[in-house]
Amino acid sequence: MPSATDISDFLAAEFPQTKCRVDAVGGMSATVRHEVGPHELRPGGTVSGPVLMTVADVALYVAILGEIGIVPLAVTTNLNINFLRKPPADRAIVGVCKLIKVGRTLAVGEVALYSEGLPEPVAHVVGTYALPPDRPR
Amino acid sequence: MPSATDISDFLAAEFPQTKCRVDAVGGMSATVRHEVGPHELRPGGTVSGPVLMTVADVALYVAILGEIGIVPLAVTTNLNINFLRKPPADRAIVGVCKLIKVGRTLAVGEVALYSEGLPEPVAHVVGTYALPPDRPR
Amino acid sequence: MPSATDISDFLAAEFPQTKCRVDAVGGMSATVRHEVGPHELRPGGTVSGPVLMTVADVALYVAILGEIGIVPLAVTTNLNINFLRKPPADRAIVGVCKLIKVGRTLAVGEVALYSEGLPEPVAHVVGTYALPPDRPR
Amino acid sequence: MPSATDISDFLAAEFPQTKCRVDAVGGMSATVRHEVGPHELRPGGTVSGPVLMTVADVALYVAILGEIGIVPLAVTTNLNINFLRKPPADRAIVGVCKLIKVGRTLAVGEVALYSEGLPEPVAHVVGTYALPPDRPR
């Protein structure tokens, strides 16, 4: 199975816009970290919702790649996000994904999103990816 | 109630990063349009998921502002997106929001997202905003 | 494609507990009606949430069967419900489903749930069914 | 804060139809158990989806009551369920809820649903309850 470095290299090609760094992957889980840029803030000094969704989507993708290998054809089919607290502007967003199921054609996982260093999640996501059914296994 | 121009002006201040244009608002609905930039694409020439989520979030917000007036304190609490088809890279994304309920403290709406000029939606969103309960009415 | 009567007969076998009646099906849509029984009420005289979820799930299933034929292997994979208003105890629940996509392996639709005779929906559902990919077509 | 017995007694009055037993509550979590009856099965010997949704909804409600006290006015506003595996007909359904946030007006939690004695969840739920903002605290 691919390492965090393998997946980081793949992401840099697949999602060139993403600034997410892969901190850990394996064992049906992944942790990614996203440094927040000034154009990702909202008035009042909070991180915009789409940035949180992006980090969650990447965390899910990384966790799945950690299980099935680097398969570029995996695509998100459903993502459900609950926004819980306003993330402060000056902290990175950390996404901690735990996969709930990796089946033949669908993978489901949840992601807790944190402002780095704070204990309470700022958002919670559950997402589904469609997997290529004839992938190598 | 605010016009499309009023809301566009407000968005330009509130979401300075957004490139969404307000095409129509009123009657519990809104239509917004987002020109896709090169950094919003994914390999294979499709629009990234977070761009779709952003357009849906803005469409919901615009439709709500059209009902309750320009209230900067409205915040998304839940957003559920189903990705349906790959949006081609060379078309703007159009979000058509219909509000389902505008209550005292919550508003719920759905958004169909289209690649401009194509008949089938590329994604479908349902979202909830928390409204300030003591807003002027 | 099957008629409303064909699908009603199938449901009576497949979901023997359901009291849903198929009022209309076809054209990527379906309407079902559920007479509320005394054991489906909550204190305060409202219909319980799981009854609403059941009616939505049946409406989705009926609409899908109307498109792909009677395929007992279709199963719900995701269902997202927003509860909007308390349904009064003395009115049937009507579910109006519109399918958004019927693909090869997934179908997605939305359902507006009404208390019969009242104009505003009591709940809104978006759901996904997994379809058998090798079904006859 | 109320005990598991207090909440069981309240549920027996509030949800007289529910057969859920409260196994544990407290510390932002709850475990409930639902014995499956013959009328809750689907052809093929699996538990119907609405039964799973009901158990999840009760688990969330019990966990919330464990935090805020017995407040009958709490109502579900959103529930998102992913169905993961077919639950066998002959095992009770166990719902394990962990609350993610209990705020002033909204509480959000997740529920893993299991067939008793099996390690993998059969479904996963995230739900939101609206709380009465002027409850005693």
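Per-chain residue numbering starts at 1, and chain names A, B, C and D are given in the order in which the chains are listed.
Operating definition for what follows: contacts are C-beta pairs under 8 Å (C-beta built on N, C-alpha and C of every residue); 3 or more make two chains touch, one makes a residue touch a chain.
Here the structure is a predicted model, which is why all the values come from computation and not from measurement.
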| item | value |
| --- | --- |
| Distance-maximising chain from subunit C - centres being C-alpha averages | A |
| Subunit B and subunit D, separation of their C-alpha mean positions in angstrom | 33 |
| CA centroid of subunit A to CA centroid of subunit B, Å | 23 |
| Per-residue overlap in subunit C, given as positions that touch at least 2 other chains | 77-78, 80, 82, 128 |
| Overall pattern in which the protein chains touch one another (line/ring/star/complete/other) | complete |
| Residues of subunit C defined as touching subunit D within the complex | 13-17, 39-40, 42-43, 48-51, 53-54, 57, 72, 75-83, 86 |
| Interface residues, subunit A side, partner subunit C - complex | 77-78, 80, 105-106, 128, 130 |
| For the subunit A and subunit D complex, residues of the former touching the latter | 80, 82, 84-85, 100-101, 103, 108, 110, 112, 120-121, 124, 126, 128 |
